[in-house]
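I've put the structures underneath this note.
The same subunit A turns up in both complexes below, where it pairs with subunit B and then with subunit C.
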Partner chain A sequence: MQQTFVQPEFRVRIDYDKCHKCGRCVQQCGWGVYDFAERPIPHDEKCRACHRCVTYCPAHCITIEKNALAFRENDNWSTNLVKGVWKQADTGGVLLTSMGNPRPYERIFDKLVLDACQVTNPSIDPLREPMELRTYLGRKPDAVQVESDGNGGFRLAEGGGMTNNLKLDTPIIFSPMSYGSVSLNVHRSLAMAAERLGILMNTGEGGLHEDLYPYQDHAILQVASGRFGLNPEVLGRAAALEIKIGQGAKPGIGGHLPGEKIDREVSATRMIPQGSDAISPAPHHDIYSIEDLRQLIYAIKEASGYKPVGVKIAAVHNVAAIASGIVRAGADYVYLDGFRGGTGAAPAVIRDHIGIPVEVAIAAVDQRLRDEGIRNQASIIAAGSIRSSADAAKAIALGADVVAIGTAALLALGCHLCQSCHTGKCSWGITTQKPELTRRIDPEWGAERLTNLVHAWSHELQEILGALGVNAVESLRGSRERLRSIGLDEHTCRVLGVKPAGM
Partner chain B sequence: MIKAAVSVPPAGVIEGYRQVAPVIEREGDAATVDTTGVYFQQLNDAIRRLVADGVTTVRVTGANGQRYIGAGLRVPGVRIEVHGTAGNDTAMFMDGAEVEVFGNAQDGVGNTMSSGRVIVHGDAGDVLGYGMRGGRVFVQGDVGYRVGIHMKAYEKHVPVVVCGGKARDFFGEYMAGGVLVLLGVNTHFPEQPLVGGFTGAGMHGGVMYVRGTVEPWQCGAEVGITEACEEDLGVLRPLVEEYAEAFGEDAEAIMDGPFVRIAPVSHRPYAKLYASM
Partner chain C sequence: MAYDLERYDTFDVTRYRDESPFKIHGGCGLMGICDESGALMSGDVAIRAMAVQRDRGNGLGGGFAGYGIYPEFAELFAFHMMFHDMRAKEEAEALLAASFAIEVAEPMPTRPVKGITDAPLLWRYFLAPHPEVLEEREMSAEDYVVQMVMNINARVDGAFVASSGKNMGAFKGVGYPEEIGHYFRLEEYEGHTWVGHNRFPTNTPGWWGGAHPFTLLDWSIVHNGEISSYGINARYLEQFGYTCSLGTDTEVAAYLFDLLLRRHKLPVELACKALAAPLWSDIDRMSADDAALMRSLRAVYGPGMLNGPFAIVLGFNGGMVALNDRIKLRPLVAARSGSTLMVASEEAAIRAVMTAPDVVWAPKAGEPVIGRVAGMESPVHSQLHLGAAEISCAVTGTDVSCEESLEVAV
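Moving on to the complex of A and B:
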């Protein structure tokens, strides 16, 4: 074989003076970096910097360093671009990668700050006063009828116009990640955590494995272009159905789950043959228009007994008009996935260059729906990428009802953002189907970590609400007056509906 | 989840249909539902109620494009007859029932269907059998674009679509399993090609049989065309017989063929497309 020009990205350094020669690193690395001949011998070119070996080395004697080979300075040709050309000259292939867009586009969340009460309006102490995070996901009627409850209060009249909504104890849910791209133990962890937290997980497009049936009231089932794992029985089980049109990491393109990831269990859940590629066409071929989308929404409603049906789209240039069409088509929620959203596999050229930030998408969609008087007809879920409770609060202030987390949830399970999910060899047992790796995640442990994370963020949200002097997350929704920008240009501020700090 | 009544818009007119309950005449375990001018929600609600109430044969009269007839029906042994034109997504997600249309059917017949049978005494539109993973669809005449798209087989579930006339472009696109048959015997378009372009584009599983000749230019890059062999004819015969029985045709005359077999050259057509970063 010809020598590749691409040099290793990382250097695996072992302090052999400290090393116990225990061989654990050999066993821990999913990518087969280590040979063992009396002591571990790393092959740097295979290392993905996932830090699994580092974490589990009992002697703490492994470090992973950048292979900082000097090139003559060139701001135009970054090392990544040069390596990409070499790799493609080697293979002729489309460069495949995973996780979210890592490029240094402006991060709008980081240029927004929240308000707080001082003097004129008291802030609230959320530890000692009620602070409501409960959120209802779904279509709200234009009006409801109430009746007396006989005790001086009121209740919703029977058939008083309320529509099916999903009750969430906190406005943070898990984003769609399919069984197949992630392991079943990840799905189990998400489902158990969703139940404990009173929120929702989302199956992604790979169907609902029967082990998740006990948690089905906390699962959104996706209907994607490949129509995997769908029959009337599972439609009847899930809490809600979601038509996946697009994904922030790869707007406008379909997906391939490679045949080697389709083992018996994955094939049973997706209801497809074992070992052949699971191909999701780029579009749904029964949706070429908003009218067609309406047709599918109502097909799913008819077949599921009128459960809530949402539509997930990637945030793209014309997102506000598209979202308006989606709401008019009868969707109960619109899921906006920004261009930093994660993925189990996507062509790098698509992930890194297509789509818009979720911050502007939320603001544009919320404003458009308000202007058209249809904001109540659907909830907005925002994702891609929500990295902290601060991002969540800002997304809600920009107009989202709920945020969804994917990458953050995987981080809680051990992900180290090595962007190698597409290889199917995740050392952390997350994005792989290899049994020796998937058993690294104990669902009970996973559920606890996910529960901790969402609890922590929820407490932080309560703190933020308290500082803002409001006692319910509803009061923050779309409250852009409580946001200011630092250093965003005028046009972006206008789209966001946010004033610069000091105004 | 807050359970509440489904908000059905107030009785009125949507897209030219009235939102009123259809007129139902019931005789034992059969019922006739006159759906003339009635909106699909009220029609399908009536069908579901009747089936839940033990009715095994529902005769729908006056159908004029109402959607989703039989959608999501999970009761084997139930038979729905549609007199008139069946609308889009007829038998979508259906699992076990039978729908027989005496007239034409619009787009999306058998969309994501799991099991059961659909018979159309007429022509059918586009994306018939999209994502179908079981059951059988028989269309007497011509079909539209992207028919049989992404049909997929799984264990004992093998979907079958038999079209008696001609088909347009992208026939069997992305097919991942199942059997798709095109007979070309009952068509409104005698001078047109049997099947349009891009046949089997992206196909990676299952098989197509076409009665007549198909040229390579009509096919996607992922498939090969060969003469149907004995084994193929063995698969075809019972399907052709079922077709002939449904529409009163001569099975032997159809089986005279000749048939070609169109099948993928790889079940992993895109395995070499990518370079890992």
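Moving on to the complex of A and C:
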């Protein structure tokens, strides 16, 4: 084979003076970087910078460095573009990658700031006063109808109140990640954490494994284009159903889980033969129009005993019109996935160049639904990429009811964002089905870390609400008056419905 | 004869009424008193209650509303109006004359008071829409009045309708409330219900129409507070056609009451529970039926919940409602003496009026205090069928989406 022009991205440096020669690094690396001949010998070209070996080296003698080869300066041809051309000339293939879009597009969240109360209205101390985050996910009536209860009081009139909503103790849920792309232990961790937190996990398109049945009231089950892992019995188990139309990391693109990953357990959960490729077509072949979507929504409601049914879409140019159609088609929530959202595998050209930021998608959809007077008819879940409680607060202020976190949840489980999930060799045991790797995650440990993370963010949301002088999250939701922009252009400000700082 | 409307369409409306394009911040003092037997009290009661709360304002706005004050004209709409100049008065009167039978047109009785300067021309009219006009338009008298108020406020430069209900009136202006009260000779009026307000705006408005109470037909609202949820409350109301253009929290509260009471037909107790919702932890402890009702109210009206410190008194022809925010961040004291119910920002106001109240208490957070005058109707304008945008215009005197509806003919 000819020499590839692509040089290693990283250098694995070992301080052999300190090395115990224990070989742990060899065993820890999922990508087989190390040989061992009296001492560990790294093959730099295989390294993904996942830091698994670094973390577990007892001598702290490993560092991973950038292979900073100098090229003649060229602002136009970045090193990445050059390497891409070389790789494709080597293989003739599409460049695959994973996790979210890493390119330096504007990060709108980072140009929005929140308000605080002073003097004319007081801030509220969340440590002393109640600070409510409870959120109901689902369709609400426009008005509540009541009748006399015969004793001088009132009660809900028949059909006059809210039905079929999911109670969340905090407006942060886990985003869909399928069993198959992530390991069963990751699913177990998410499900246990969701139960403890009073929130929801989402199965993604790979079905609900039997082991998760005890947590089914905290699981959203996805109905994706491959229709994996679905039958009336499982539909009846989940707390809600979600039709997945698109994903922020790969709008318009289907999925392909190679047969090697379809072991006995995955095969049973997805309800497909062991060893066969699991192919999710790009569109749903029974949804070629909004009428078709409506039929599917109602078919699923019927089959599941009238559970809430949501629709997940990628944020693209006309997201507001699509979302409006989805709400009118009967969906109980719309899930908006921004272009920074993560994936287990996607063509880099798609991940990096298709879709719009979730911030503008939230703003456009929330406003459109209000303009049409149908905002109460569905909740908005926003995802792709909520990186902190601040992002969550800003997303909620722009109009989201709930935010969903995927990448942040995986980070809590050890992910180091090496963007190599598609290789199936994740050293952290997250996006792999290899038993020697998946057992690295103990679900109890995972659940605790996820619970900690969401608790911490929830506390921070409470701090933010307190500073804003309100004591319930519904008073922040859609309250764009509490946001100001710094350095966003006028047009973006208009779309966001946010004034520039100083006004 | 059709009124010359063209010029209104092309008229360059300088916004006499706009105080600020942005939200106005400020604190305030308020009072409300209601004799549930329907017995009448002199307006002096309201003045005394506000005078002891002088420090809660800064002289930039005071006002009152009284109910039952015009028994001799009880069936007529009482328009209290402010005019910048004679031209505004003539224009507004021409509009009124075109479709109303004007029984009385007279200057508001006032007396010179030190501290009150720059008063606009203040007039009142007792009138009824011509039946044939209503028939032609297929509108109720109430609908028509709201539309007229809107037209005047939005279209007649320099004219403002301070109140337009039956057997009630608003008296307000720039000054301390006791000065405003004396100026309007309030002690000469007798009413079964009074509300009063003292304003502490943190900008410099100097516009008489901007003082509280805000009114719509016979509703009046006085408000002390700062609604930290203003942003989402306003966006929520927009969905129902209300346009919050005055930039005051009071406007938001007024429309929310209108939405919940009149359009969604909620009883006033429940409307208050939606606006100052109980905590989830309290709801979870309620009986199953109550919890289901409260959960629905909270989830459905969450965007309308008034969050932040406030105390509000809503006056109407059948009584009044006083409401505190959900964790009581602004003062509100209540008292009862015989058939008289009273609320105020400070107990001093109560002691200034009631020598020996039977009971004085601090209403709990979010717990409405409701006064109902025996034998009078519930506070819902069931006859009103106007769109929200039109009502919005009427209260604030702004000019939103009303172009099509201006068509005043004789």
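Annotations for the structure displayed:
Here, the second predicted complex is superposed on the first by the 487 of 503 C-alpha atoms of A that agree within 3 Å, B and C clash if a C-alpha of one lies under 4 Å from a C-alpha of the other, contacts with A are read in each partner's own complex, and residues count from 1 in each chain.
The rule is short, and it goes like this: a contact is a pair of C-beta atoms (placed from the backbone, for glycine too) under 8 Å apart; a residue touches a chain by one contact, two chains touch by 3 or more.
All values derive from a computational prediction rather than experimental measurement.
Applying the stated clash criterion after superposition on subunit A shows that subunit B and subunit C can sit side by side. In the superposition on chain A, contact of A:His256 is made with subunit B only, not with subunit C.
With both structures placed on the common chain, the touch criterion links A:Thr269 to neither subunit B nor subunit C.
Touch criterion met: A:Gly93 reaches subunit B, while subunit C stays clear of it.
Among subunit B and subunit C, the chain that touches a larger number of residues in subunit A is B.
Once the two complexes are overlaid on the shared chain, A:Met162 sits against subunit B and subunit C alike.
In the superposed pair of complexes, A:Leu468 makes contact with subunit C only, with no contact to subunit B.
Figure note: vertex subunit A, arms to subunit B and subunit C, all at CA centres after fitting on chain A; angle 100 degrees, rounded to a multiple of 10.
Contacts of A:Thr438 after superposition on the shared chain: neither subunit B nor subunit C is touched.
Residue contacts after overlaying the shared chain place A:Pro141 against subunit B and subunit C alike. In the superposed model, A:Phe154 makes contact with subunit C only, not with subunit B.
In the superposition on chain A, A:Ser175 contacts neither subunit B nor subunit C. No C-alpha atom of subunit B lies closer than 9 Å to any C-alpha atom of subunit C in the overlay.
Once both structures are placed on chain A, subunit A residues 136, 141, 156, 161-162, 165 are touched by subunit B and, in the other complex, by subunit C. Within the complex formed with subunit A, the subunit C residues making contact are 22-23, 25-27, 202, 225-226, 228-232, 234-236, 238-240, 263-264, 266-267, 269-270, 274, 277, 279-281, 289-290, 292-293, 295-303, 305, 307-309, 326-327, 329. Those residues of subunit A lying in contact with subunit B across their complex are 84, 87-88, 90-97, 136, 139, 141, 156, 158-159, 161-167, 217, 225-227, 230-233, 235, 239, 256, 258-259, 267-268, 271-273, 275-277, 279, 281, 285-286, 295-296, 298-299, 302-304, 306, 347-348, 419, 422-423. Within the complex formed with subunit A, the residues of subunit B that make contact are 1-7, 40-41, 44, 67-68, 71-74, 88-89, 92-95, 107-108, 111-112, 114, 127, 130-131, 133, 146, 149-150, 152-155, 157, 173-174, 176-177, 202, 204-205, 267-277. Chain contact summary for the complex, subunit A toward subunit C: residues 117, 120-122, 124, 129-130, 132, 134, 136, 140-144, 146, 149, 153-156, 160-162, 165, 370, 373, 375-376, 468-472, 474-482, 503.
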